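Only one structure is covered here, and it is reproduced in the block below.
For reference, chains read A, B and C in written order, and residue numbers begin at 1 within each chain.
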């Protein structure tokens, strides 16, 4: 029942918003829908927290500690993004960057996107997982090109084509997985259910599963934005409206990684080896290093943070690949804090570029003087994202580093190199943007306070003091992924 | 002994019927394009006219130039002796399998190209170079197509292939279909038909084969033209032996030969119709697009071989 | 129809699907491309129907009808209408080096064969030999999307890849569960809707559907 509400609300909201469109109350409806989704998410989480994993809808849905935490995170960040987008999009509308149809479309697709992500997380069927993932891509493609500028259209096209290519590989991987499962579980829809697959994973044919994993890795890896499959990501995340950048970077990447990790547990269970994990580690470490060095030469502020997303997804992928309780714990934590910190950064970045009417970092100056909330929010967000203590990302990166030193000491220097370069690259650029006098072309702006403040507070809180329920939650998730 | 009779019969059929086939194709083409045809027997009359004329030889023509017509004619006749047109009872076919057959055509082409360059005129050299370009692309494709069929029949001997395919009946084999498509494309290219070359024109910008033999006259030209007709005839016969060996008499079945002859004529008649339809329906390609055409042939042949491994 | 014949017809149709993929890879005229795509879909749907009949899987009939209505009728029709509406000229595309693309295509077929060999060996279905062809179709669609620089052609490559995926599902497992197949079809439908909108956007913004012009988002200037 809760599940139905959780999935039904965004879908219903999407339909409603398609009709409400550009009316005065549309942003509020959007917020209300997301808030209801979040409430349902929390309720579901409490239930799972108390009663343990559950299936619903004739085994169609499956909820355990791993996906429910991501579902709550998704619902939460989409709620704050909806709050942020109220002020942000209103301003964009005033500037004439989005038209009447655009706004209607934006609101409806935003909710549809949330629906697709939640379906991805909660479904028990890997086929449906694929479909929902494709739906999530498709619902955001036209949002990326919302501004209709040549660059936006180019970015969206790239996003559409490259993710289409990638996701097709994942479907082939899914077919292979079904092929292997069918031999053990018999024919029919049951052979595609996680709950069944995870029980018989050691009986699945290892050669087929290894092959399937290669395809799944390429497919979902494209969506995670792992190097060398990342080409679309900086474009798509930087050209769309900022709220979309925030949810793309903060949420969709997590969802894709979630799919990948689920597949990895199956494959490793079948092959009785660490092969899938090794592949993920390599993809992860390459992503970290390439993204870190790419950070150095970025001029566009949103592009820079898109690369930072690649880097952080690389870290999480690496940690999941490494396996073991500490690394997995670190990875789960990292997904959480990165999602919060990155979306908060995008909120402030969105306001900063609205103030300066540009996304070029050379022209963004004096943020703290211009608007203290935006300036400090941006500054702190950047500090968090580069892994400064006491923020949560420091904790997760520290955990991952410790585990690396223990289990794969040879990888440590590369990991440190990537983290160090990223640290320097972002810090250097951010310093100039926040400090100094406000330039003449800077315009005052009424910023959306709440989302930034809440996100940063949470990241800080997790860094200083990990709430006990969160701790237990992660332990349960680690148990599942072992 | 019977085998030798069959051999001789085959060669006679080849030499005798090749101009008839050429005439048939020309006649059909005229009819289809709404022209009055010169009749079935026109190629014979052309050959007779050429034989009765004197040879005009360039001053600097070497022995290669004079030798080539006989060599080309000879190789085609040898090729005719190993292709099972009427019967698979061919003693000579033991000495030459299908790869040798490709080699024989290769020799003929090599000498024709040399002769084209021998006089030193611009057209001859141009024709030779173009012909070699086509050959370099067509031959691998030809070999691929043949290998596909050989793999299927586990033999490279044409007579053996014909036997295997005719004994196993008609089976829908994708590899065979691909190889056949490739073969059709190659046959068009090898014989200089539209869309690769137009045998009916002497337009300097487009001609391939005609440019090479531009300097020939009289008896020499007659031999080369005749050999060309026989080559076309032979390709049709090879196609029939590889892909539709229906009616070809088996070993020890000398009585089947008349029936085989009837079948051969029917098959060739049908092949002529197809050829004319292709030639009328398509326009000649630009020279630089030939790589695509022959690449397509190679692709078909390779796909045939791959589908043999993958699907069968 | 016994299994032997079904398997043979199946192989034959598989070969045609592959041929269609190669045809698309080397064809530059957009109208011919759309026709080739429709033909490929047609062979595929007949193939699925035969498998459905021979193996007695009734849900595959639905999959076959889906393919027929989507890939053979609806999508080619939409593409055709769009191409006419946007007045795309016949040979808007200059293609570089078709023979090289063909050779890569052939290499991909061999690669797919090598890759799927373990799966084929394990399978006991009558369609097992076509798994490699299905993967090859996917790969060739991918190659087409990479090498082509025209929006419509890239989309056709994308759809051809989807054809390959349907084919893979049929040949490896007699089709995915129905709910999955329906979902995938729905996704394709939405994708079709989106690229339709996209063509207009690209056309109005860049004044042509040549993706080559989209080079503004390059790294490091």
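The rule is simple: contacts are C-beta pairs under 8 Å (C-beta built on N, C-alpha and C of every residue); 3 or more make two chains touch, one makes a residue touch a chain.
Owing to the predicted nature of the structure, the values given are computational and were not obtained by experimental measurement.
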Interchain contact steps from subunit A to subunit B (minimum; 1 if touching): 2
Leader among chain pairs (count of C-beta contacts): A-C
Chain closest to the middle [Cα centroid of all protein chains]: C
CA centroid of subunit A to CA centroid of subunit B, Å: 65
Rounded Å distance, subunit A centre to subunit C centre (Cα mean): 30
Whole-Å separation of chain centres (CA-atom averages), subunit B against subunit C: 37
Subunit A residues within the subunit C interface of the complex: 125, 127-128, 130-131, 134-135, 138, 141-142, 145, 148-151, 153-158, 160-161, 164-165, 168-169, 171-172, 174-176, 178-179, 182-183, 187-189, 191-192, 205, 207-208, 211, 235, 239, 294, 297, 299
Subunit C - residues contacting subunit B, complex: 8-9, 11-12, 14-16, 18-19, 22, 26, 98-99, 102, 105-106, 109-110, 113, 129-130, 132-133
Subunit A partner contacts - residues on subunit C that touch it in the complex: 115-116, 118-119, 122-123, 135, 138, 141-142, 145, 151, 154, 158, 161-162, 165, 168-169, 172-174, 176-180, 183-184, 186-187, 190-191, 194-195, 197-198, 201-202, 205-206, 211, 214-217, 219-221
In the complex with subunit C, residue positions of subunit B that touch it: 171-174, 177-178, 291-292, 295-296, 298-299, 302-303, 306-307, 309-312
